[in-house]
Amino acid sequence: MLTIADTHFQSRLLTGTGKFHHPDTMLAALEASGTELVTLALRRMDRRDRDHLFEPLARAGYRLLPNTSGARTADEAVQAARLAREAMGTSWLKLEIHPDPRWLMPDPVETLAAAERLVREGFVVLPYVHADPVLCKRLEEAGCAAVMPLAAPIGSNRGLESRAFLDIIIEQSGVPVIVDAGLGAPSQAAEAMELGTDAVLVNTAIATARDPVAMARAFRGAVEAGRQARDAGLAARQSQAEASSPLTDFLSEATP
Amino acid sequence: MLTIADTHFQSRLLTGTGKFHHPDTMLAALEASGTELVTLALRRMDRRDRDHLFEPLARAGYRLLPNTSGARTADEAVQAARLAREAMGTSWLKLEIHPDPRWLMPDPVETLAAAERLVREGFVVLPYVHADPVLCKRLEEAGCAAVMPLAAPIGSNRGLESRAFLDIIIEQSGVPVIVDAGLGAPSQAAEAMELGTDAVLVNTAIATARDPVAMARAFRGAVEAGRQARDAGLAARQSQAEASSPLTDFLSEATP
Amino acid sequence: MLTIADTHFQSRLLTGTGKFHHPDTMLAALEASGTELVTLALRRMDRRDRDHLFEPLARAGYRLLPNTSGARTADEAVQAARLAREAMGTSWLKLEIHPDPRWLMPDPVETLAAAERLVREGFVVLPYVHADPVLCKRLEEAGCAAVMPLAAPIGSNRGLESRAFLDIIIEQSGVPVIVDAGLGAPSQAAEAMELGTDAVLVNTAIATARDPVAMARAFRGAVEAGRQARDAGLAARQSQAEASSPLTDFLSEATP
Amino acid sequence: MLTIADTHFQSRLLTGTGKFHHPDTMLAALEASGTELVTLALRRMDRRDRDHLFEPLARAGYRLLPNTSGARTADEAVQAARLAREAMGTSWLKLEIHPDPRWLMPDPVETLAAAERLVREGFVVLPYVHADPVLCKRLEEAGCAAVMPLAAPIGSNRGLESRAFLDIIIEQSGVPVIVDAGLGAPSQAAEAMELGTDAVLVNTAIATARDPVAMARAFRGAVEAGRQARDAGLAARQSQAEASSPLTDFLSEATP
């Protein structure tokens, strides 16, 4: 069971709400995914999105995780966080600060500064960051409820490009590690879980699939399979094969 | 649904019987895997294995796929196949010929020669081969019911090392492609299915896990997830990110 | 020093003659590459190519390695080999048999059959094959002077996709292993040499570079560097870092 | 030519001084590497190292790049930098801050803070950092003379694990990008140069090779080859092969 800030979740698959072609598809995909925690940009809280996005999600019982997507500095993120808390009625927050609109890569310095302030203001902070082991440790020490290192550039579907660094982050982390961004296929989500990640967040790969509902179901199965495999004790990779069983001379035995 | 030689299977996960510590563990793991097709070495048909391995498997309703593991030449493999057909009452056959006991790598020339003979003798032949596109095509033309290219050296748990060649094999094959050998983690099995493989065979990774039953369940879930993802239309990998949504100036809007 | 069939070569970079935009560019690139062994398709021995390709190469002192590119069966390859020997005055032969014009993947069965016949006819046979360890061993046993396993699909520039299998081939081979096809960058050629490959053959990556002469020079340097590194004893990959030096408390020491 | 802070270098290979078994081996390896810029820990400026390390390096004409290895905070790094400037007579500085002695991963927040202060004090600052595109941009904006993102955990010899992020860093950087840490083989250094890196720093892989002098020479060749290849225009990777030349029916032509 995944536990973030004393809250328990059965599902280890977090999802987002962007890039779906229709709100009904989104709702059906979220249901198929089994997710319990759904991120939503504050900027999507205008009237129309409120009716078509926020209200249905809230009614369906998902815990919402507002995010500060679009914020370029700690100040903007803190301001956005406060607005989100008021608008959505939750102090949970996915903290995202990316100054460059092209790559959407997170800013480590602004993120730490904002996290420190938001923790003091009582937010449950889950920061989206580069897979930087020292930064993750500092965010944990600042009181973040989890860390969300990226797998690969957001929207790239390239999977665990940051594997070597995730290994270190997982080994040293005292809070849940949630891999965010770059996971484009269920196999990649399974691999993240096998590494020891506590959860993954998937949005683009589900929302832009030809069949988002089926893809959501596939990610759900893969995340569960990866976690089961982790618990069941994966064997190590071998550089060399070993014979699968002692080779006996069955033919000579069998011949009369 | 997987169809081999006009026989339909719900499960796309084939399993083996080697390396388990106890027959009961094996039976429980096979059940958890959902497998319908189980490979078994002919050389394991001596009295003791017959009672503890063959009979329980047959009683449990699995379709058995005898294999010629240990054969080093086409002649040995053909002789083994005939014995297997008599002993196990099935003409289905996993054809394995590996002259070198160290690496257990398959022999392409002997395998094609044996396949041609066995097809003529009425066997349903599934040959285990290197991920060699031309060889796979020739085996198909010789009447094999499927081809079983390897992912990586057997027992290595290294996953889809032969990915570049499997892509070609899958694209050109007119018979089912079953990836065999080298899959050490559910994520790797899922990746094989995402590539378009029809099925996978897993043995070592299940049998040698700390908890083989749980690992079997994990592989089952991963194979199903990978197949669903294939059908749901995976997005392509991008070398560059795109913004997840239009970035609006939510802060200025939100501020009165 | 590379030794093939008792002939010594200083250079471990073999080159080809296809895809160059102009014969002069080709000649300049070959010179820059330092190559001593150049492969040439028999089908390029018509009148025009003879004057512009064969004669200048012969004059420049390269040892020519005719190839049977275009042959789809052992019979065609043997016939081509005989024509090549007559036309080019050498019994050295790069044996290529690829039935499918789309992928140009080699046929293992026809290649072994042709190799056996050509060795008996006195040819020095260097077969181009899939990175199949058993096949390479059988070709060696059939009397081939070297084996030429592929790195990746020809023309793909994808590098050592067959790495896991090349490791086995190199470890067990009694004749030189020359990696052929798929090397698209000098770093990939260097990596092949670091693995223990005896030589590499590069054509497309040089011929289609924006500046083929400079690219030829780059491959030359990379092959030499990779070989030097192999001889100098590469360190193993570590999953974990170690401190580079004992960490002393230099600051407290330095402070008075 | 590599230009850092208006200083020109012929060599794009930076080296270090740690882990060598003997100062003479180090000096011979540095000479073989062709390096012009050598990093040296401040903590190695005690009496003995001064005689055996600093003086010979200075005499041999290398530009020295003192580093702050061992510093855990910005304050410690600034203090170390001042001591280094005094002791070694140079304001060039490789800024390293790693709070955790086990992994030696750099701290992004302390590094930026120290860089800002050191630039103001007139240092030529080259910070060693995670391959974090936003951090690299901020360090450039702070006035750093170059950025030194890591390839993989230091001492791991695992090569370009951070490739996906280096691509972005290289594309957007206005100062030289020098890949530091994790390069274990010349092929990896060549690959970094092919990606467009301006230079690489190699220490462990040379110092711990069986033959450090030969390995230094190998790295030199590989760096030059990788750079030449970059300039000569590498072809793109293809997912599919194309025939190397039009396939003509040479056999029918050749047969009378």
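Here the chain labels run A, B, C and D in written order, and each chain numbers its own residues starting at 1.
Please note the rule applied: contacts are C-beta pairs under 8 Å (C-beta built on N, C-alpha and C of every residue); 3 or more make two chains touch, one makes a residue touch a chain.
To keep track of the chains, here are their UniProt names: A, B, C, D = Thiazole synthase.
Everything numeric here is computed off the predicted structure, so don't read it as measured data.
Visitor: So which of B-C, C-D or A-B matches A-D, with over half of the contact pairs the same residue numbers?
Guide: Looking at which residue pairs coincide with A-D, the repeat is B-C.
Visitor: Based on CA centres, what chain would you say lies at the far end from chain A?
Guide: Following the centroid criterion, the farthest chain would be C.
Visitor: Starting from the mean Cα coordinates of chain C and chain D, work out the distance between those two points in Å.
Guide: Distance between chain centres: 31 Å.
Visitor: Could you put a whole-Å number on the gap between the CA centroids of chain B and chain D?
Guide: 44
Visitor: What are the residues of chain D that contact at least two other chains?
Guide: Within chain D, residues 103, 153, 156, 158, 239 contact more than one other chain.
Visitor: Select the category (line, ring, star, complete, other) that matches the graph of chains linked by touching.
Guide: Chain contacts: single closed ring, each chain with exactly two partners.
Visitor: Touching chain A in the complex: which residues of chain B?
Guide: 16, 18-19, 41-44, 46, 69-71, 76, 79-80, 83, 101-104, 153-158, 184-188, 190-191, 193-194, 203-205, 208-212, 214-215, 217-222, 224-226, 228-229, 231-245, 247-251, 253-254
Visitor: How about chain B: which of its residues touch chain C in the complex?
Guide: Residues 98-100, 103, 105-109, 112, 130, 132-135, 137-138, 152-153, 156, 158, 161-165, 168, 172.
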